[in-house]
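What follows is subunit A paired twice: with subunit B in the first complex and subunit C in the second.
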Partner chain A sequence: MENKIRVLIAKPGLDGHDKGAKIVALALRDAGFEVIYTGLHQTLEQIIAIATQEAVDVIGLSIMSGAHLPICRKLLAMMIKKGLPDIRLVVGGVIPFQDIPALKQMGVAAVFPGGTSFEDINSGMKALFEKER
Partner chain B sequence: MPDRSDFIKKILAGDPGAGARMIRLIEADDPQAFGLLRALYPHSGKAFIIGITGAPGAGKSTIINGLITQFRKQNFKVGVIAVDPTSPFSGGAILGDRLRMQTHATDENVFIRSMASRGRAGGLSRATRDAALVLDAMGHHILLIETVGAGQAEFEISYLAHSIGIVVVPGSCDGIQAVKAGILETGDIFIVNKGDMGDADVSAHQLSMVIEMGKARKTGWNPRVIKTHALEGLGLAELAAAFLAHRDFLGTDPDPDKTRKERETLYFNCLVRELAMKKLGAFMETDPAYPEIINQLLAREIDPFTAAEQVFKKIQRKMTHGK
Partner chain C sequence: MGVAKYIKDERGQIKEVTYQSGIKIKPSYGPEDLERAGFSYEKDLGAPGEYPFTRSLHPQSYRSRAWTTRQYTGFGTPEETNERFKLMIANGQNGLNVAFDLPTQMGYDSDHPLAQGEVGRVGMAIDSLKDFETAFAGIPLDRIGSGLTINAVATIMMAMYQAVAEKFGYSKDQISVTPQNDILKEMIGRGAWIYPVEHGVRLVGDSIAYAVKELPKSNPVSICGYHIRESGATPAQEIAYAFEIAKAYIDNVTARGIAPEAFVGRFSFNFNVYGNMWEQIAKFRAARKLWAKMLKNEYGVTDKKNLFLRGLFGGGGSGLTKEQPENNIMRGAYYALGAALSGAQTTALCSFDEAYTIPTPRSALLSLRTLELLMDEVGMRDTVDPLAGSYFVETLTLEMEEKILEEMQAVQSLGGMVACISNGLIQRKISRQAYEFEKGLQAGVYKKVGLSSALTDKISGKEPDQTNVELHAHNEKWAETSCANLKELRATRDGQAVANSLAALEKAAKGSDNVMPYLVNCCHAYATVGEMAGVFRQVFGEWNEPEFY
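Moving on to the complex of A and B:
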């Protein structure tokens, strides 16, 4: 059996619906990823626990609330503290372009602002792993 | 991997990160997995393994969520393996079972692992069984395994689980289907879920009658029928008690070794077969005779039956005379 890339798709916080996250999950499945889909309203503690138990390669957050900067900063710190520094964090949702450099600088591996095509998401995700293979 | 013995120690101490990484090695068929499993094996065999199966959408994950709550009340450490189907088109999968178990995500005494079926008809692979061994060695007292709701799964889970719950929905004729499929023999506890949706009493009654008719069970356990409304947590305490009663029953079973023998033999055969397949794979990749035989086949210079025998004999020779 080959080693499939495992992705956790999560929606932290209380905002909105999960239609977008669901569609991305389906697109990733169709690109050959194993996607752990957890629906709405996770706390960061839950996301960390799930990522640990599922030993995922990527955490993908869908954030519409505008709180992407503090959420990512906090989660990245928790990932390091909980011994998950190898997991890549990627973010999608409502992300203003001017915030992308700050996200990358704090350690977010890739940013997919609303409107990014599935092809771009898929190739962006795969590119995360091509560097080391 | 940093340090092998340290890694094993961590798994045995129940470290979720180490356990999770071990299961990944198993899924990836990593060469280290075999030896690590060998080291974990002596520490396994203590968990009580419950299989939950039934048609897609019947409520298996929601029921497992409720069972976790019940077992946690009694201070059991609970491990869950939830299998969802792999897409035959892309090889990818959506693993959504744990969505229904969210409230237990941060409980340190609950470990939930989603698994893709990766093309097995019944969704259970050796990887599932080996993952169960890991959760067992980590010290979980009770394992709950959710299969994909396909007919074949009922048979496969019976070789892994000590106790099997089959989930049916009122009015779905699942009872009759179960008779037709011959899975009645594998069910220890029948769960009529979604009691709010239809006449659960009728379904439960029909099931009881069918079970009564087919009561030629080798173990002497009388299968139970339990009604639940899993969304509201109704009937879950009774269900948890029924599984524990079955566990106690198995503890006093005059002939427990019979099913055990079947189970262990099947697993062992499967393991040997896989090792043999690896040898075969290595042969096909490296031996120059193999592409030659394929060419002969394509040119119809040889028939596939003779060819298969030839290949097998060659492998046999290789195995007996040096590597």
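Moving on to the complex of A and C:
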């Protein structure tokens, strides 16, 4: 049996709207992923620490406040600095379509704006690992 | 269809309808339904403005006064928010509903590392009284009441509002401030909590006890079923959980030797208009009645005005779609119609672009006009509670009452709301419900118009439709301005006065003194939000969120 993909669903920063994060966590778990949820109000340092400790394959950020561009930029830089370039970063939440190219360009592996179906998130996540597994 | 479950036969005819709260709807209703339910006009409705207020709080309702409109407003610096406040007031809005940025909501100053990227983003950045002086400049605080959407640090903002009013020459008995101040709902949904449950509830209790004595026109707490509903609760749970939260606050204040009669009249509520319209109407009517009955029977409240379920019925965020955003304009109008038919005293609508952005002036005004249309054009002010006596609406109202009571009893049997939140029971329950609902929506069990055609577009490779959504631009300069102002403030204020006021606050927080007067002193001394919240952080600690699986 193949190994389950390990996902860390994380709520960075101060935003407390966690319905999206929680239901995506439940959906991914039902779809066969191993899911860890950080809980609210996490610093990027805390997220990196949990990701390292739990040896996750993906970090999924849920961001509703509009701060997705600076947060992703900073986290990606930290991941490189900490020697975690293999962890994929994906992001969901209130993400305007206009911002998707910028996110992809900086190294976000996939973007799932609010309203993306569970099926699309599921297949989008699996596609990230298709080549290796 | 919609949020309700519909079972259809092979020809597409509707066979069975079940609302979210679990009530089955019949194809038609008649006098026999009311009879079966034991409906009595005197007992279940009463005249408008009479106990149990099912029909209306006031005998003339909208004839005497149209609803108060309070669009949620605030972004960027206090200057910018002040400008938007003035725009909304110039356009007929009669109360403010103030949005704060996340650092402010979480008790951090704009120059705190955790504030990075968030300053001024989802509301205005407030660091000290200086910022309130700018934000409320030129606003007649004796005529315009302000709702402050702030919870964990509501005591601080309420004190600051009093301080700014005093600074402007108003006395504290002239002002009307309604901080949201409902920390328990933050722990269920919305997530802007800081301190552990018992300390959070103590702060709410302090602000209520203080307002009773010192702020006669203010409403110290606005209990929000709203966000609980947004987080996945059914309409019946929305009301039930809000009432159970209210009871936790009542118990805290009563334990200080203050009788419920002295303060429950100051409670207000914030409920959601999203969902099936009939279910919402029945919910609001049942809620008014149950609140009055509960206060009278369980708390011995007798003064009529203290039995009123006052509040804002509005919003509707969960119903809005990112796809075909213009549809949200119509959705908002129907939600508002439901609120008007329920006799909402105060209202506000989510703007059509909120799935994307902070509303632009154009979309915020569109919401305001939608609300105005109902009052001034369509006829909602003509007569009180126009649906009263409808076989369907009255039957449904009685059934909603039953459902709400069942949900309240479920919480009580598990030890009450504080226990249910501390152990995460409620959070897990509604997260699961939200997940099940979302699955149903994606499977087509529930329906949002425009969603399925958007899916079709996607399959055929068309770009998602987001015409005419103009994005609110975030300005990185806001943070620079706020941080520069803070630096200047720290250099120019009387440091000794700040230190003394904070030391006194710490002593009050450690003991059992009401923290409010100490906070007012801190504000006048220009202590920052981060400093005051920091004192509480040190004394109370922070809450550990229970596991949600």
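For the reader, a short list of remarks on this structure follows.
Here is the rule we use: the second predicted complex is superposed on the first by the 130 of 133 C-alpha atoms of A that agree within 3 Å, B and C clash if a C-alpha of one lies under 4 Å from a C-alpha of the other, contacts with A are read in each partner's own complex, and residues count from 1 in each chain.
By our rule, contacts are C-beta pairs under 8 Å (C-beta built on N, C-alpha and C of every residue); 3 or more make two chains touch, one makes a residue touch a chain.
Predicted model, so just to flag it, every value in this text is computed and none were measured.
Within the superposed three-chain model, A:A31 lies in touch with subunit B and out of touch with subunit C [touch as defined at top].
In the superposition on chain A, A:G83 contacts subunit B only, with no contact to subunit C.
When the two structures are aligned on the shared chain, A:N3 is found in touch with subunit B, with no touch to subunit C. Of the two partner chains, subunit C is the only one that A:G13 touches; subunit B does not reach it. Contact with both subunit B and subunit C is seen for A:G39 once the two complexes are overlaid on the shared chain. Within the superposed three-chain model, A:A49 lies in touch with subunit B and out of touch with subunit C [touch as defined at top]. Judged by the document's definition of touching, subunit A residues 25-26, 37, 39, 43 lie at the interface with subunit B and also at the interface with subunit C.
Within the complex formed with subunit B, the subunit A residues making contact are 1-4, 6, 25-26, 28-39, 42-43, 45-46, 49-50, 52-55, 82-84.
Those residues of subunit A that touch subunit C in the shared complex are 11, 13-19, 22-23, 25-27, 37, 39-41, 43, 65-67, 70-71, 94, 96-98, 113-115, 117-119. Taken together, the subunit C residues at the contact with subunit A in this complex read 102-103, 105-106, 108, 114-118, 121-122, 186, 189-193, 230-232, 321-323, 355-358, 431-432, 434-435, 438-439, 442, 451, 454-455, 463-464, 466, 471, 474, 545, 548-549.
The residues of subunit B lying in touch with subunit A in their complex are 16-17, 20-21, 23-24, 27-30, 86-87, 89-96, 98-99, 102, 105-106, 111-114, 116, 118, 127.
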